[in-house]
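Which chain is which? They are A, B, C, D, E and F, in the order written, and residues in each are numbered from 1.
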Amino acid sequence: MRAVLPHPLLSMGLFVASVLLSDSLAPPSLVLGVVMALAAPQVMRAMRIEPVSVRAPLAIITLAGRVAVDILRSNLAVAQILAGRRADRVSGFIHIPLDLKARYGLAVLAIIITSTPGTLWVEYDRARGRLLMHVLDLVGEETWVRIVKDRYERLLMEIFE
Amino acid sequence: MSARILEVGLTTALVLLGLALVCAAFRIIRGPRAQDRILGMDTLYLNGMLIAVVFGIRSGSDLYFEAALVIGMLGFAATVALAKFLMRGEVIE
Amino acid sequence: MTDWLEHLIIGPIVLPLIVAAGMLLIDERRRIVKGVLSLAAMAVILVMALLLIHESTTGAVDGGDVARVYRLGDWAAPYGIVLVADRLSTLMVALTGVLGICALVFSLARWDRAGPRFHILFLLLVMGVNGALLTGDLFNLFVFFEIMLAASYGLVLHGSGETRIRAGLAYIAVNLTASLLFLIGVSLIYGLTGTLNMADLATRIPDIAAEDRGMVHIGAAVLAVAFLIKSASWPLGFWLAPTYSAASAPAAAMLAILSKVGVYVILRLNALIFSAEAGASAGFGLEWLLAAGLATMLFGVLGMLATRDLMRAAAFAVMVSSGTLLAVIGGGGIASLGAALYYLVGSTLACAALFLVAEILERGRDPGGDAGKAVFEDEYRDPFEDTERNDPGLVIPAAVAALGGAVVLCTLMIAGLPPLAGFIGKVAMMGALVSADSVAGWMIVGMLAVSSLAAVISLTRLGVGAVWTRDETAPNLVVGAGEFVGIAGLLGACVLMSIFGETVLAYAQHTASWLAEPSAYVGAVLTGEGR
Amino acid sequence: MTIGLLLVLLVALPFIGAVVAAGLPRHARTAAAVLSWVVAFICVVCLALLWPRFQDGEVLQLDIPWIPSLGMNLMLRLDGLSWLFSALVLGIGALVVLYARYYMSPKDPVPRFFSFLLAFMGAMQGLVLSGNLIQMVVFWELTSLFSFLLIGYWNQNPLAREGARMALTITALGGLALLVGMVLLGQIAGGYDLQTVLDSRDLILADPRHTVALGFILVGAMTKSAQFPFHFWLPRAMAAPTPVSAYLHSATLVKAGIFILIRFWPVFAETPMWLAVVGGAGMVTLLVGAWTAIFQHDLKGLLAYSTISHLGLIVLLLGLGTELGAIAAIFHVVNHATFKASLFMAAGIIDHEAGSRDMRKLSGLFRFMPVTAALAIVAAAAMAGVPLLNGFLSKEMFLAEAVAGAGRHPLATALPILATLASAFSVLYSLRFIHATFFGPPPTALDRTPHEPPVWMRRPVEILVLLCLLVGMFPALTVAPFLRSAAVSILGVDLPYYSLAIWHGFNLPLLLSVIALAGGVGLYLLFGRRINANGTGGPLAVRWLNGGYLFEKTMTGLFRGAELGMTMLGARGVQQQLRVIILVAVGVAIIAGLGADGLGLAAPVLAAPSLMDTAFALMWLVGGACAITAAWQAKYHRLAAVVLMGGAGLASCLSFLWLSAPDLAITQLLVEIVTTVLLLLGLRWLPKRLESIVVPDHLQRRSRIRRRVDLIIAAVTGLALSVGAYAVMMRPAITNGVSQFYVEQAYVLAGGRNLVNVILVDFRAFDTFGEITVLGIVGLTVFVLLRRFRPYGDSLPEPTQKRVQAASDRRREDRSEGDTLKEAMLVPQVVMRWMFPFIILFAMHLFLRGHDLPGGGFAAGVALSVAFVLQYMASGAQWVEERLEIRPAAWIGLGLLIATLAGVGAWVFGHPFLTSAFQYADLPLLGRVPIASAVVFDLGVVVLVLGATVMMLVALAHQSLRKARQAASADAPEDRT
Amino acid sequence: MSVASMPEWAATVIAVLAVGGAGLSLLGAVGLVRLSSFYDRVHAPTLGATLGMALILVASWLYFGTAHGRWLPRELLIAVFLTVTTPVTLILLARAALFRDRTEQSEPQEKPVPMGGDQPGG
Amino acid sequence: MIEIVLALAIGVLGASGVWLLLRPRTFQVIIGLCLLSYAVNIFIFAMGRLRVDAPPVTASGLETPALYADPTPQALVLTAIVISFALTALFLVVVLAARGATGSDHVDGEEPRG
């Protein structure tokens, strides 16, 4: 099983992507999807990439929902700032201590934070488990630490550790 | 009527995106630092991709989709290379 | 024609490519295999070229000339790309073959080890040249020009070293610019005529609307600039001498044909598109070609006189020969054109031979100098710990005498002194030009005489310097057997051209008349429909 | 034996002998001499056999076709004149060979000498036996060539090299003139056949171009025969071994020009130009040569100038335009050859046995070598025109003609006076030659004691001197028939009366002769001591007339002038060359446009822009601004320039999208991404350019001007491009072009819906085939170049960023070197690695759908290469190459092979290269699927593009690694800064 | 199905989504111009890269669904890949900027740049 | 209208490219060649006349040429893009090699002499 499907999640993603690319559910497109889903991950095997193992699949959905909402909210918040409605705004860097150690977890967290308007993942110190973040609207360091740790980190640790 | 609504809406969107291109280009040209230019470039790519999508809708053809996907999927290779160069002085180590 | 003969036309293009591609899969260290393979390929190409010559002179039903057309992808012209083998293109392919074999044999003694992938680049250069000569499509011509140039870039840089790299830089910069002009010219012509096929273009030019003709002429003029750059016409060819003289000898010898490909294209397009049947465009730009040709001859003459280096003198000789051809195309008329084609073959061979000889003489002369010295190095060792490796060839006692003889023969050829082909070509050109008794004709005759004299003065000066001032204490000339064979081959070809002067000259004269009547060419290309 | 064979042997045998001699071993002196002598002897026999075969005025001809279409045939023609000249060439040749055997040192490569000598003999034979104008030029030039080789025989001697070069330059100049003249003459006469030309005298003279032809021919003849002002090469040629001087520079080579003059005498002799130029040049040469000869100290130099003088005499005789003059000229040719050759040989003997040719060192040699002295005295007397010797006879004829011709000739009464003066000079230098060498006290300045030469070295001299005596005393019994035969071949059978008798009674010529003799002796008595003692140059006039000096100056001037011309007409450096190219291209386009009836340019219609147009214009506002800023910033802000270029590129991509070219947009985007990475990889190795670098004022001013000019050039070029593009865009589309066929037939005939792709892989697949070959070649070249790449010293150290980051890593205890990089790449790595399979998938789709929808092999290949590069960027080269097998060179080869085999495959089905097949296949599970063989071709494209692109990127990336490796190794190359 | 048969509400929705998305993107780009420090400017384009992009992609999906009956959400591909890749650039860029600012202390910064732990000057 | 814009675009790209092409530093020349090839690519493309919303991708069957943009120039541009990409890469590498060998990034391989 490992030889054929070293990265089952990846294969699934590839299959879906292939079907979407073909823009069709006709048999040739599905066959191509299967072939690609089996073939393309071989390259990951050659590169000896450690597979993703998801411990709590349901948590993913929760996380996705939260992120979607946060991104939406942040969009509106940042839009207001850019529209010039918040002259008193202060931006700045903040340090956030992270317990999350899993590589993929950290990657997802980085993507979430950076994708959310108004926050930016800048630097992660692995030795100290500390993240340096830039925030467009520095409403208070504690708020941001809580948001990151409670809303994302905990779920990510559930999923990846 | 639908066609007219679409026409007006999508053309407006294209003009807005065009203006966004101008803003991004301003940042590229103005700088002042290399990171600003690269950021401008990233924004330029993003808005270019959006133009491709909107233009695809406007012409009612899915022939433009791949072009948008190329930017969406591979465009970051250029900006990543630039950023890496800035960070390390070398793209590939 | 049997089946395999049908495909003969593409042979000189596909064969070197297949061999080169195959070699890429062979370990670079297996040099003997590669040498044998490329030599065999070149030999076969030459045989093919000779067969093609035979075909193009005897192929027609009534025994006359014919343009053999090869429809690539089985698409009829003008929709697909066609290869056209006629007297002119096959002659040039054969010339490339002779030159290629000799340069290759020469390189086997030593030069093919001056850098990796020599044989591959060499064969691909041959492929590019043959393609450019055979194609009947304007844009495909661009593509083959690029193949030819890309390979020539590689070969110019072959052997590395500062001089080569500097010269290569200038060479590439100029040729990239020329390529852009090529594209502009081709696309303008396409934009106004809707076709890229040369024969089709020839049929469309006469009927073109009056208000479009100016734009077509602009396109043609820009295109001509691109070709004139490649044929090193003044004032577009200053790059030639530094590049050719810096290149490794076998590369320089092959480059001798490259400038002639530029001339060939000018001749071909001029004959097809601006022929007497081209209506208001007939004879477009000929006076400019004449002027450019004369100026090029003058510049080449000055260069030959000014230089103190035999390689450079050879390079300027290439310019003089290009200039001569351009001038004759521009102002000579058919009779002198025939003679000029004969001259083209001879001068190309001679210049190539001179490059080879000069390199040996310079090599033996200046063992310590490293300006133009190649870095011989095995690709599989760490490049940072390379030590010079200079494979000795045979130490031939009479080497100096033999090389002196070769210099003499080259001088005779280039200066157009009897009894070799250079003289025959010059007499033939002069005869035709004098009997035409035009101002242009006399100007060319004058420049011909001046260039001959300059060649004598320059080459004796440099030849005497290189051969006669070698005293007993000078290091032995180390010359590989292959190097001798290569030079002897080129000069032998010159001698054969002289002995069989009548045959070759008749072929050339016939080719000129064939060019003057493009309808047969056009007719052969434009028959057949669809697939 | 047939006549034809004999004729052929006369010319061919010497050449055959030359080839054989060249093959002899280096020391085979005797063998070579014997061979040469045998050749000469056989030729003499052949010539003798031919003597009785033609009667008065008859001509033997043999026509061997060579290039009949040009009228260039080997036409061997024997008549009285050529027989006489041929006899001279062969006879003296045989004697010289004998002499040379003893003269040449065993240390020299003597076989080569004889080889050249025989080849020269053959060339002379070819010339005098020539019945074709072009053939004359051929052998004429061959005599120049072998003379060059013979003069330069002792090439270790710089004087020999210089002399040889000078001789060749002058005679080649003459040869070219002769060629032009002959070609023109042939054109006028209607053929190159000599007989035709001789027969069409009236036709030729009626053509006004005949003066041009004659002018060129005369230049040829005068250079070869050392006529003023081309005479100076001859004394310089004396650096040759003496046998060469004796043979070439007295008897044969220098007579070639005279031979030509005699040959065409019947045609041109009466033209005013002939009388003026030939007569004038002859007169001047006669006097200048004689005058200069007087002051020479070198025996050979004296003889050389004397030769010049005598050649002038002969030319003057021909230039008189009288029949008797022509006969006298022919006679003097023979006489001069005999006495001058013997004198040269004698001089050679003196040089050989006494070790010097300097008359100031030589003295009283009579007592050491009485026989040689006696021979030399007789020969010199012949030269001086002493009665009872052959020289007297022809000089009497000369003086007679001078007197007779005084009335008609342009020189009028000056003619006899000048002739007498020249004769007196001749007596003077002959006397000096003899007196200074053989008489007086024994020599003191010589290194050795002189003695007689080996007997066989003297024999040739003896034979020649004997001839001088015989002819001088019994002309009617010896030379008369040959002279008559030669004269008849020029003048026809009705010869004027002439007498070869010694005594014609007391007459004016005799008086003049006596005056000359007495004057010469008197002058020597008066001035001999001063002449012998004078310094180097002699009187002012001699130095002033030193053409050799002028020639050297001319040559130096020529080389300098050429260099100057090169700088004026040439371009320095790449920039100038490119500037010229752009200017010419724009200029030529403008001229071509102006020359046309009109360009159909419509004035731009400025309607109110629609909203869509505004969006398009905004895109180009961005693109244009980026381009201009890139141009402005590229010098100091390279990274910015790369980014700005990307901006301009994106505008291009979007335009392609906008204007219905999605394939272009995709391809351009992909290429741009790769180009950006490539440029960044290269940027590492280029020097930093700082605005703070101080440039000197004058350079700044110059560069400011240059920048302004360039700005104008750029603006004009841009404008030209704009106008050209606009003019075509506003024209109605072509409706009968090839594209219409593509649109109509692409699906039906080629089975594809994406027309662009169908064109690329089917209609014009050959273009694509070539295009990928270019890519492959470039990939290889890049690889080849980078294997040899040596970074310049200042780019060797690691980039600042890397060094500072490494240092900070080292400072902290909880971190190790490289942690900063690892942490920074932690997130990017994950994304970039996981994108790999998705990009592969995407590339696969681009490839598969290409035939019907935007995409195709090239786009797929580049997309794949981007995937690879992302891995390199994310994880480093080492990481990638430990895991994936990257063999770009093999991929290039494989791609080329696949594409080629896809093309060749058509042969199997009897179709031309690259013929594609297209069919629907019903497959289980999949249903009806279109299968086009062009896909295989496109697969080759993918593989090759991947290989080439990866090759370029990776080879460049590896430089950093190599550098690191090199820094680590102990034996790093020397620092080059 | 085609544009002509598309209900007006759908057209309106599509138009609004497109204009909204474009507007957000423009706003982000304007931020790029207006914000004064680099670290602030980095945030601006995210607007277009998230919600702006999403709105436009949804518009596209709706359009091709309603007009051409093609409901497979191909646009998802763009959304996913863009979301995943944009942060990569931004993170690297911010990191590079931080590094440069730390090393070039001489250049005055509007906002203080945090030092990386104990690293004096970088 | 778009014709004017595109013509101007070609002109601006071309002018910028030419200006850089004539500059002394190799890097400037590379950028110049890139810009010039953009200009030329669009120029070639423009020779097929401009069409909006008419990509040359046909339905399956016989077709009316007037409905589609001219595909030929597009194919030519594709080839030209590839070739100019390749040659730009090559030129870059030669530039680097020249810089390594001569130490100068001047196009002539040496700094201009005063």
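Keep this in mind: a contact is a pair of C-beta atoms (placed from the backbone, for glycine too) under 8 Å apart; a residue touches a chain by one contact, two chains touch by 3 or more.
In this text, all values refer to a predicted model and were calculated from it rather than measured experimentally.
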Could you tell me the least number of steps, going only between chains that touch, from subunit B to subunit C?
2
In terms of C-beta pairs in contact, which of D-F and B-F ranks higher?
D-F
Taking each chain's C-alpha mean as its centre, the one farthest from subunit A:
D
Report the inter-chain centroid distance for subunit B and subunit E in whole angstrom, where each centroid is the mean of the CA atoms.
9
Cα centroid separation between subunit E and subunit F, in whole Å?
30
What is the distance, in whole Å, between the centres of subunit B and subunit D, each centre taken as the mean of its C-alpha atoms?
59
Cα centre of subunit D to Cα centre of subunit E, whole Å, reads 67
Could you tell me which residues belong to subunit B and also touch two or more other chains?
12, 14, 17, 19, 21-22, 24, 34, 38, 40, 62-63, 69, 73, 75, 80, 84, 86-87
By the touch rule stated above, which residues of subunit F touch at least two different other chains?
21, 26, 29, 43, 46-49, 52-53, 55, 57, 72, 76, 79, 83, 86-87, 90, 94-95, 97, 101-102, 107-108
Provide the list of subunit E residues touching at least two other chains, using ranges where the numbers run on.
28, 30, 42, 44, 49, 70, 74, 77, 81, 84-88, 90-92, 95, 99, 116-117
Could you list, by residue number, the parts of subunit E that touch subunit B in their complex?
2-4, 6-8, 10-12, 14-16, 18-19, 21-23, 25-26, 28-30, 32-33, 38, 41-42, 44-45, 48-49, 52-53, 56-57, 59-60, 63-64, 67-68, 70, 74-75, 77-78, 81-82, 85-86, 88-90, 92-93, 95-97, 99-100
Would you mind writing out the residues of subunit D in touch with subunit A in their complex?
812, 814-815, 819, 822-824, 826-827, 830-831, 833-834, 836-838, 840-842, 844-845, 848, 871, 880, 883-884, 925-927, 929
Subunit A-facing residues of subunit E, complex:
24, 27-28, 30-31, 34-35, 37, 39-40, 42-44, 46-47, 49-51, 70, 72-74, 76-77, 83-84, 86-87, 90-91, 94-95, 98, 111-114, 116-117
Interfacial residue positions of subunit F with respect to subunit B in the complex:
52-53, 55, 57
Quick one: in the complex, what on subunit B touches subunit D?
11-12, 14-15, 17-19, 21-22, 24-25, 28-29, 31, 34, 37-38, 40-41, 44-45, 48, 51-52, 55, 63-64, 66-67, 69-71, 73-75, 77-78, 80-82, 84-93
